[in-house]
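Chains: A, B, C and D, in written order; residue numbering restarts at 1 for each.
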């Protein structure tokens, strides 16, 4: 089961080998009420303690595979299913220090049944979350 | 999974044959953070729209068996397990009309590791709940 | 009681619950306890492994139907015409999406399929592939005994070119496997107190969606023969059993008058909090059943 | 790093979550993601089918241990001496309760068992059957390699006849299978902002439990040889990583000084809302690890 919030408490962690972290993972619940093919997600903006990372530089880790924005747009047959977690991978050399951090995300979702001028619509999440390990 | 509240929305219904209702069922989650033997429950007071029914007249339906207060006190080997629903059976001839009702319960729980003067302690629930069918 | 409405609930009602505080088992229990006879789902939300659930999930599904006595009513699906950036789906691809969902809906025992087509304009005109794509699967729908029903949903009213287009399609093809699904949100005539949609505040549709389309329920009369299914959309029923947004006391008599005897399938879409919808749906069922009884008590 | 603390989490921390928004799978995941190595449970809460879980549940349990790499630490249990109104358990019955839980704890791989005995007085003196009942199961505990540890828990301080009684028992029997579990709630030295216990407001213990026992952590020194396990009870760690109630900066150096190298097993007991404990436990682990690193950085 998901935590209710878009940004999950668990799964917020540094990425890469210990001692040589190269990024931060922010685990999300599905930012939609229906499962969706990954090509309907136009990337995810992330802000960590005020530092902005555009959806053009973040990636998504889904089912063990890493998708950058181009790969996401091509992923017309990959589903992010209801109930499945995925993590945004934020390229931040060194990662974050253990402690409480301010995290914001905007998942850019295209819903073809919404008017064209509302594509994509951002699904927002914002919270304090905790990195436990260096 | 339980609804978070002690008094569950679902399972609030009339009891007995349609047209000849003899009571009301109020479904509860386990009123304790641990599963417990039924003899540790000293009955459940229920108030329906201001009408009080003492734990001496209500019963508990657990796993298909109905326990009145005496039977509950004897049930030293029956467990109300975590995750299991049970319903308080309130003897109210005719039941309740479909609609929104004010429901209060106090489950009287004995916790032997609490001081003797605090036995039993009431676990309270109060809410509006809806009877759908006559 | 052949002429009574049938009562159902869509698992969509539990959107704020499903996946974080509720699984499909509880969904079935909540619905069955209202006395409803039908369950509606969203394929992509509620079918684990969509579009090809495994045997374990199918066993669970049929076990739940069996245990609760609920019948599958409508399955909601999407034809994602903008699946790719910059290139819309072809007719063939649209038909393939429909085939995928007809197949699954049939496998699960559904009688109705609501496809949501991508749109091409601000006033929600569906991608024109909808007609040829649907036409290609009408034989399959007939074979599977499923009625495909596009949803008439706010901000699209009843009297609108999109609806006329659907009716023209039915008349032209003579099909029995394409009909209208009415979402009662179009009758909303008082403003929502909490805004739960994605449309941004500055958008031109925002006020319309907040305040309601105020479609006159009498307009149902003109499209009566084409109505296959009704989603009983609502947003809040207060502690006095009063719906704050949808004028059920006007809608229900018209539905009786036009002889509708299909499903009223609850679609709660109110505040985004868990554990709210369960009781709201129960309230709606009391309200609707009470109004129906009042209609039935009046000699025709 | 032989002399470092071990970090664990008790599923008790998730009391407001478990059963309504969290199942045991998620509990394991939340714990493992903190970098903890140990999981603590309440037998009657977290073992489906307690005290005799079926094979499916056992497979699930060992699968989760395997997947997460967590080791079972302590299992909490109860000896319900007042199971019957008006007649306390006999020594034999008390020993049977302990046997039941030793058996289950062993089956699940636990190394510690915390039995909570019923009490006979307002100051929480345990039913005197505790000593002969425990004595009857010491051989079994030895055979199963489990340490039985009663919990020193507010409002019982360290320097108290109950604790002296436990230590006398250890000395008299010479057992290695009975020792003390310290609940760090006894060190609470600032008032709780939210009251989550069952004790009614009028009760004499109420103020004590709200304001904290303020036991001096230095008192751990006198009982050091008898401490087997520590439940790191806490109530709220604020947005600046500051614990509002437990003086960890005083507790941790004493634990280092007495050479404790066992578990610090998080027990969150704060506001009664779901989805709060998960992050609170993470905050505590950052705080405790930071304090331990600071202790280790000081030359002894």
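Here, a residue touches a chain if its C-beta (ideal position, glycine included) is under 8 Å from a C-beta of that chain, and two chains touch if they have at least 3 such contacts.
Fair warning: this is a prediction, and the values are worked out from it, not measured in the lab.
Novice: Going by average Cα coordinates, which chain is farthest removed from chain A?
Specialist: If we average the C-alpha coordinates per chain, B ends up farthest from chain A.
Novice: Any idea whether B-C or A-C has more C-beta pairs in contact?
Specialist: Per the contact counts, A-C leads.
Novice: Please compute the C-alpha centroid of chain B, do the same for chain C, then give the distance between them in whole Å.
Specialist: Here the centre of chain C sits 36 Å away from the centre of chain B.
Novice: How many Å are there between the centre of chain A and the centre of chain B, using C-alpha atoms for each centre?
Specialist: Distance between chain centres, rounded to whole Å: 44 Å.
Novice: So, what's the distance in Å between the C-alpha centres of chain C and chain A?
Specialist: Centres of chain A and chain C (C-alpha means) sit 31 Å apart.
Novice: Calculate how many whole Å lie between the centre of chain C and the centre of chain D, each centre taken as the average of the chain's C-alpha atoms.
Specialist: The computed centroid separation for chain C versus chain D comes out at 51 Å.
Novice: Mark out which residues of chain D touch at least two other chains, giving numbers and ranges.
Specialist: Within chain D, residues 20-21, 23, 274 contact more than one other chain.
Novice: Which chain A residues sit where two or more other chains touch them?
Specialist: 1, 3-4
Novice: Considering the complex alone, what residue numbers of chain B touch chain C?
Specialist: 1, 3-5, 9-11, 13, 98-100, 128-133
Novice: Flag every residue of chain C that touches chain A in the complex, lowest number first.
Specialist: 12, 15, 18-21, 23, 42, 44-46, 48-50, 78-85, 116-124, 127, 198-200, 203, 205, 274
Novice: Hey, which residues of chain A end up touching chain C in the complex?
Specialist: Listed in rising order, the residues of chain A that touch chain C are 1-4, 29-30, 33-37, 39-40, 42, 73, 76, 79, 81-83, 110-119, 121, 123.
Novice: Quick one: which bits of chain D touch chain A in the complex? Just the residue numbers, please.
Specialist: Residues of chain D touching chain A: 21-23, 26, 29-30, 33-35, 239-241, 274-275, 278-279, 282-283, 285-286, 289-290.
Novice: How about chain D: which of its residues touch chain C in the complex?
Specialist: Spelled out, the residues of chain D in touch with chain C are 20-21, 274.
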